[in-house]
Structure formats: structure tokens, C-alpha cells
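Next, two complexes with subunit A in common: one pairs it with subunit B, the other with subunit C.
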Partner chain A sequence: MIECTSFIGIPLRTQSQRRRLVLGYYALLAIFFVPLFVLGKPILFTLIAQTLTLGGILGGIRAGGPVKPYGGGSADHDASSLLTLNLEGKRRRGMSPWLDEREQAERDHAHYLAYKILRWVLGMTAVAYLVAVQFSKAWLEPRASALLWMLLVVVLGLPQSVILWNEAPLETECETNLNTAATL
Partner chain B sequence: MGNEIHNRIAVLRAERGISRQELADALGVNYQTIGFLERGDYNPSLALAMDLSGYFKLPIEAIFSREPFRPLSELVYARNGSDGETVKESK
Partner chain C sequence: MDNRVLGVSMNTRSSRRKLVLICYTLLGLASAGSWLGSHSLTWVTMTAVYGAIAINGLAFGGLGFFGRRGLVKPFANTPPREPGVQEELIRIRLERVERYLRMDDTSWRNDERELRRRDAVHYRAYQPLCAAMAIIVMLAQCSLHHPSWVSSSVASVAIYVIALPVTVLAVTLPQAIILWTEPDLVEPEDAGTREPQLPGIGEAFGANSKA
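Entry: the complex of A and B
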């Protein structure tokens, strides 16, 4: 699932290096979020620009990041059910031109894990917001957009973060040969 | 019985002297996926198993098994043993 062995100069070969990138990503997110939340005057244009930048910086939803793009579109879903019948018996490749079947399974599992995390994140944020609104509505109201922005970026980047966090260390062909020799 | 499937991909690949990258290219998968298959960390779809079977020109049951494979050296030695008996691989 990992596209490259380094990203903006950060090596990504080992799991610990990738985990450091994830931690760095959330630290960057916090650096952007805290002033926005404290000042309470987010500018819409800045929020959109930051969402586009930070939401897709890890890849997944678009090419260019360390995680391969999740999909690539297929005309199969647009066709009617009759047209999608596999009458020729010819095997279809997966839905993604970027990912093989293992990577697609990994992508799906990462989204499931991200959903499980998001259940808590969204739930706790909603409860915290509802409680806070009872005490200081005037203080919270201008900060709501910053909070929503933070949630949006987290939603966009979480599956990629899960993949980067969990992906096993990448093997080079040299290591592969050594492993095969060891297996035999 | 769990979901465990054993395979001989690493042995077959080494026998034929092909790299993971070459096998991956032939099957249209990432070379890391070959590593996952060889280590038993990933069970292939039926389509990929049939592709492997076609690539190695072997029946699927010669590549994949629900039971652990006996080492090839043991099988070969049993076939060429002093008693001349051919021992079938136990399933």
C-alpha cells in the first residue's frame, strides 16, 4: 500500500519511520488547529486550502502521497445490472488500477479500523460540544467551524494514517532473496 | 480447522530461479504481495491461486494445502529410498 520509501525527505522503509510520519502529521494538524480554535476567527479560504493540503497529504484519496491512491474508477458500476453480468467468463481485475487484491483488502480493513476510531472521535467531540454549548455558547460558536474543519481533516486522513501505522516493513529484492534462502 | 492455507510458492520460485518481482509482474500484483503469500500472511483469492497454478503449470493442490507440506527433500528421499518404494505424500 505504500507508494514510496521516502516522503518529502522522510524515510518510510521501516514501521517506526512510518509511525513517526503519522505522529508528525497529527502534530502539524494540532499546530494548525490550536491557534484557529483559540483565536476563534477562522478564514474560510484558509480552511479550504488547509483541508485540501492536509487532507490529502498522506495520499490515498489522491496520488502523490506515501499511500497509493485507493481507487481509480471503473465503468462497471455505471452500467446496468444486465451489462455487468460476466457472460464471457473473462476474469475482471479488481476495481482499482493501483492496488492488487491484497492491497485492496488492506485498504478496506484500514477503512474499517478508521471507522471504529472515528466512532469514538465523533462521539466524544459531539458530547463535548453539546456540554460546552450549555456553559458558553457565545465563546464556542465562532470556534465551531474550526472544530468541524479539524474533524473533516481527521476523517480524510485517518485511513491513510492507519495504513502507514500498521503496514509491515517493506522488503527489498535483496532481503527477499535472503528470506527465500532461509525458507529453503 | 482455522483459515490457514499452506503453500509452496517460495520453494517453486526458488526452484525456477525467479525473483519475487518477476513472479509479481507475471501475475499483475505487487511484489510485496508475493512475500505476504510466501510467509502465509495472506491467503490468495481463487483467481490469484489459479493464476499461480497456471504460471507454475501445476495443479492448485500441488501449490496450496490445508495441511502443512512435507519438505521436498523428504519426499524425494522417500521416492528414491533404498527400499525402492514410492511413498505418497500424506494428506
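Entry: the complex of A and C
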């Protein structure tokens, strides 16, 4: 499910490195979010660009991130004769391979976990907002849209974070050979 | 899947689809009724949210509210809570045999196919949730910064009208998708009496006997 062993210079070989990336991602979100929330004046078109960039920075919903894109068909589509013979024309550069059966299961499981987390996050945010509105309605109401935007970015990035957080350490070919030799 | 709701068999896909439609219709009618009765958004919200939780507990299942009575096995895939020691001591005298039988009960457990299905429906249910969130954010932004496009009163009503079904769906959609798409179940007695349907082999034997 993880497409690369490093991402913008950050190594992603071990689980701890990937977890650090996830923590860094949420720190980045906080850096963007806090001034926006305090000022309460996000600009619509900047916000759309930021949503697409920040929501998809870890991959999954778009190509180019450490997580393979979710979209596309099944693994057997990859094995179809049309694609093998490349009769569909010139291949797009950087096009990710289709997810195989294991990766699809992994993707689905990550969404299950993300959905579970999200139910709590959305519920707690709604309750916190309703409580906070009782105390400072005039200050909070114009900032509701910034809060919603933050939630949207979290919703978009959560499954990818789950995948990166849970993925087992990658084994290089060399390590595999060494392990095989050791068992023999 | 425990395949009965209020005594009605849910073995066929069509009956499960009817159940899903009836549940959402009832929830809509109850919310509309509470609006007509009270003209209070708090009441409407409470009716919709508690109604969704009740539907889950009594018909859909999946999340394990009100015990484990719904059609879909709990997604968490954990065994039911054991009774307390006091209760167990009373029961042990009365139902010694039942206790041992219950120890072997694994009907709560989702098998591999069911777990795959659970994960896949959550993947499918996640996407409309994202889309709805995006629409809500856009409406909120437009009303705040471009009131000429969408006035704040219209936007707040629109956001509420979207957010309420989204809240209900966040709790019920994966179960509804499972109930909607799962194929017809074969009753155990039917499975025993039915002959296996292997047309190719059957025809081949028929052809041989004729020859």
C-alpha cells in the first residue's frame, strides 16, 4: 500500500518513520489551522487549493503521495491483455499500478478504522461546539467555517494516516534474502 | 446475520431492502412530525439522532447499541459481555448446562468474508460522507465571504438540511449498504433438501446415459 520508501526527503522504511510523518502531517495541519481559526477569515479559493493539497498530501485520494491511490479497478484489470499490449495508447507518466487484492483489503480496513475514529471526532466536535457557543457565540460563529474546513481536511486525510500508522515495516529484497538464508 | 426483525424473515434481499426503506422513511416522518409538533430544531435533531441509534439497535445492528439485536453482526467483532459474578452464581445453579453451551457460542463472530464485507462497505460509505462535508464547507464559506451568492439564512438552513441526514447516515449507512447488497440467504432446511445445481456436469451425465 505504501508506494515509496521516502517522501519529500523523509524516509518511510520503518513504522516509526511513517508514524513520524503522520505526526508531522497533523502538526502541519495545526500550523495552517490555528491562524485561520484565530483570524476567522479564510479566502474561498485559497481554501479549495489548500483542501486539495493538504487532504491529498499523503496520497490515497490522489497520486504522488506515499500511499497508493485508492481509485481504479481491481488487480485483474492490470493483467488484462489490453493493458499488457498497451493498445490504449501512450501510458501516463507516473501512473500508479492498480491495487492488488491484499492492498484493497488494507485500504478497506483503513477506511473502517477511519470511519470508527470519525464517528467519535464528529460527535465530540459537535458537542464541544454546542457547549462553546453557549459561552462565546459572537466570537465562535464566524469561525465555524474554519472549523468545518479543518474537519474536512481531517476527514480526507484520515484513512491515509491510518494506513501509514499501521503498515508493518517494509522488508527490502536484501533483508528477505538474508532471512531466507538464515532459516535455511 | 440473525435474520428476523419483529418476527419477519429477512432472508431475501428484497425484504431487507424494504426494511431499509421503511426505516429511513419512518425516521424522516418522525423528524418531520417533531418539527410540526414543536417547531424546534433541537427536537428534530434529537428525534433523528436517537431514531438512528434505535434503528441500529433494533433492526440494522452493526454498532451494538441496545445489546446485539440487529440483523448485522457487531462490526467490532468482540464477544458479548459476560454476565456479572453475582448473576453468574445464580444462573450457575439454574442453568449449569446452558452455561457450558454458551461457552461454545461463537455466533457473534464475523468470519473472514464478513470482515472483508464490513471493511469494503465502510470504504464505500466514507466517500459520500466526504462529499457532504465538502458541500457543507463550501456553503459555510460562501455565506461568510460572499453573501451575495448565498445569504447566511439560506446557507444555515441548507447546512442543517445536509448535516442532519449526514449525521444519521454516519451511524447507519454501512449497515444499510450491507443489508441492501447482501444476496438472498438460503435456509438450512432448504440447503439440505436442494440438490446441487451443476448444469454442466448434469448435462454431461445425461448425455452419457443417453449414449
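The definition used in the following text is that the second predicted complex is superposed on the first by the 156 of 184 C-alpha atoms of A that agree within 3 Å, B and C clash if a C-alpha of one lies under 4 Å from a C-alpha of the other, contacts with A are read in each partner's own complex, and residues count from 1 in each chain.
We adopt the following convention: a residue touches a chain if its C-beta (ideal position, glycine included) is under 8 Å from a C-beta of that chain, and two chains touch if they have at least 3 such contacts.
Computed from a prediction, not measured in an experiment: that's the story for all the values here.
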- Task: Could you look at A:D100 and tell me whether it touches subunit B, subunit C, both or neither (first, second, both, neither)?
- Result: first
- Where does A:L152 make contact in the superposed view: on subunit B (first), on subunit C (second), on both, or on neither? second
- Item | More subunit A residues in contact [subunit B versus subunit C] | C
- Message: Applying the document's definition of touch, where does A:K137 land relative to subunit B and subunit C: first, second, both, or neither?
- Response: neither
- Note: overlapping subunit A surface for subunit B and subunit C spans 105
- Task: Mind listing the subunit A positions that touch subunit B in their complex?
- Result: 91, 93, 99-103, 105, 168, 170-171, 173, 176-177, 179-181, 183-184
- Item | subunit A-facing residues of subunit C, complex | 75, 116, 118-120, 122-123, 125-126, 129-130, 133-134, 136-138, 140-142, 144-146, 167, 170-171, 174
- Task: Using the touch rule from the top, collect the residues of subunit B that touch subunit A in their complex.
- Result: 10-11, 13-14, 19-21, 28-33, 35-36, 38, 41-42, 44-45, 47-48
- Note on the structure: The answer for subunit A against subunit C in the complex is residues 41-44, 47, 51, 70, 105, 107-109, 111-112, 114-115, 118-119, 122, 142, 144-145, 148-149, 151-152, 155-156, 159
